[in-house]
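Take a look at this one; I'll ask things after.
Order of writing sets the chain letters: A, B, C and D. Residues in each chain are counted from 1.
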Amino acid sequence: MAMKWRFFRRLLEVKLTIRVQTEDFDIAAEVLKLRRGNPKIGAVACFIGLVRDINENATVAEMTLEHYPAMTEKALTDIVEQAKSRWDIMDVSLVHRVGTLKPMDQIVLVVVASSHRGAAFAACEFIVDYLKTRAPFWKKEKTDKGMRWVEARDSDDDAAQRWH
Amino acid sequence: MAMKWRFFRRLLEVKLTIRVQTEDFDIAAEVLKLRRGNPKIGAVACFIGLVRDINENATVAEMTLEHYPAMTEKALTDIVEQAKSRWDIMDVSLVHRVGTLKPMDQIVLVVVASSHRGAAFAACEFIVDYLKTRAPFWKKEKTDKGMRWVEARDSDDDAAQRWH
Amino acid sequence: MVNLVYFARLRETLGLDSEKVALPQDVGDVASLTQWLRGRGKVWDTELAPGNRVRVAVNLEVAEQSTCIADGDEVAFFPPVTGG
Amino acid sequence: MVNLVYFARLRETLGLDSEKVALPQDVGDVASLTQWLRGRGKVWDTELAPGNRVRVAVNLEVAEQSTCIADGDEVAFFPPVTGG
């Protein structure tokens, strides 16, 4: 899965960048791309998800992320459209890695820019919660107990539910 | 005010970095410093505050930030200690600039690392809300209508209040 | 013909990542398609059993048991997602 | 002696960033210190008036009107903060 896959889209006035890639990403470059030239942005909220070395009581040596490419664009765009309809946000950037990753590697980045911090924080957390329950990605871990697919956690569903 | 002022402190097991400086900061470097070598971190939430070119209906050409140095360390440490007592967070990094800044310049960075995203988001937003109402920083704007001190907004107090 | 795709644990246990099938007359929604696939027996019956939290998407949208399926659709079967 | 420090708009309008003062006998808390400083008249009276949302910190901690002030303390006067 050595693909690099990306698309850009304008949702009304929101600039949306979504990329799914095997390569690592540079937080500062992503934030800069988002906010460059826009002096209306007063707040940027970011989330970075990382591979931990322990999960569900097993030591994780590496993890492989698989996704459903055709559905990913649609799922992520829907999530961002929902965020956009709820909060006054300007730009969103979302980068998700696939392929094989090791502990401490970056998995996902969500960046939301807005005039004010309340909207930036809320939309960023909303997108991450929905991403974890709606976007078609799956993790498989190589642990000291063998290979295993990561099980979805009910706490993720609960986190997404609270936005209803 | 060409000072660069910093301190590091360990609050129980939380690693806390606080810097007040005239220089700009590099988000990626700050995040990397925070999480380097710690495979227990699964989530990093960040906030970046930026200078906007319009505030309260006036065009802002530049802004000057003043602070009360002796109190800043204490105020910021208190804020982070409170966050630490409420959420299971691992590391916090807080960089606040002082001196003269222009629209699109970075003002403040708050980075919170945790095992899980809920704690990282909540603590990051809590710290930003409290920073805005408790830390002794003041902004003076040079606008098309002249120089003026920025007035505190009630919405900031409201944002801080909801954490009670 | 309908395009069926399988992901993650389901892809591995079923030993298949996609297939094109002609639907029988009486298969018109997610529930009846699932029932029909379970009729293949063995891992199909086990993996697609109701207790197994299998998720279904029809034409890239998350579907319910009652979601209709027609010729030309793409139907995906997968476990609850675990990205992010 | 007590160290008084002023910030932001207050520093500018009062024309002073710090001063050391000997407190009169009857000045023992934030309220009486403020009252005493207002007695200097002019901008002091205007700037430190109750409607003006002046914040006070004693020894680097946000203080109330009733917070005690003793010899050797540092008392800061400033407008509501606007950082971040």
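Following the convention adopted for this analysis, a contact is a pair of C-beta atoms (placed from the backbone, for glycine too) under 8 Å apart; a residue touches a chain by one contact, two chains touch by 3 or more.
The structure displayed is predicted, hence computed values, not measured ones.
Trainee: Measuring centre to centre, with centres taken as mean CA positions, what chain is farthest from chain A?
Mentor: Most distant chain from chain A: D.
Trainee: Chain B to chain C: how many Å between their CA centres?
Mentor: 49
Trainee: So, what's the distance in Å between the C-alpha centres of chain C and chain A?
Mentor: 26
Trainee: Which positions in chain A touch two or more other chains at once?
Mentor: Where chain A meets two or more other chains at a single residue, that happens at 49, 128.
Trainee: Of all residues in chain C, which are in touch with two or more distinct other chains?
Mentor: There are none in chain C.
Trainee: Just spell out which pairs of chains touch, all of them.
Mentor: So, checking each combination of chains, I get A-B, A-C, B-D as the touching pairs.
Trainee: Taking the complex as given, what residues does chain B use to touch chain A?
Mentor: Interface residues on chain B, with respect to chain A: 26-29, 31, 35, 37-54, 103-104, 115, 117-118, 120-121, 124-125, 128, 159.
Trainee: Touching chain B in the complex: which residues of chain D?
Mentor: Residues 5, 7-9, 53, 57, 60-62, 74, 76, 78-84.
Trainee: Could you please specify the touching residues of chain B with respect to chain D in the complex?
Mentor: For chain B paired with chain D, touching residues are 49, 65-68, 70-71, 74-75, 96, 107-108, 128, 131-140, 149-152.
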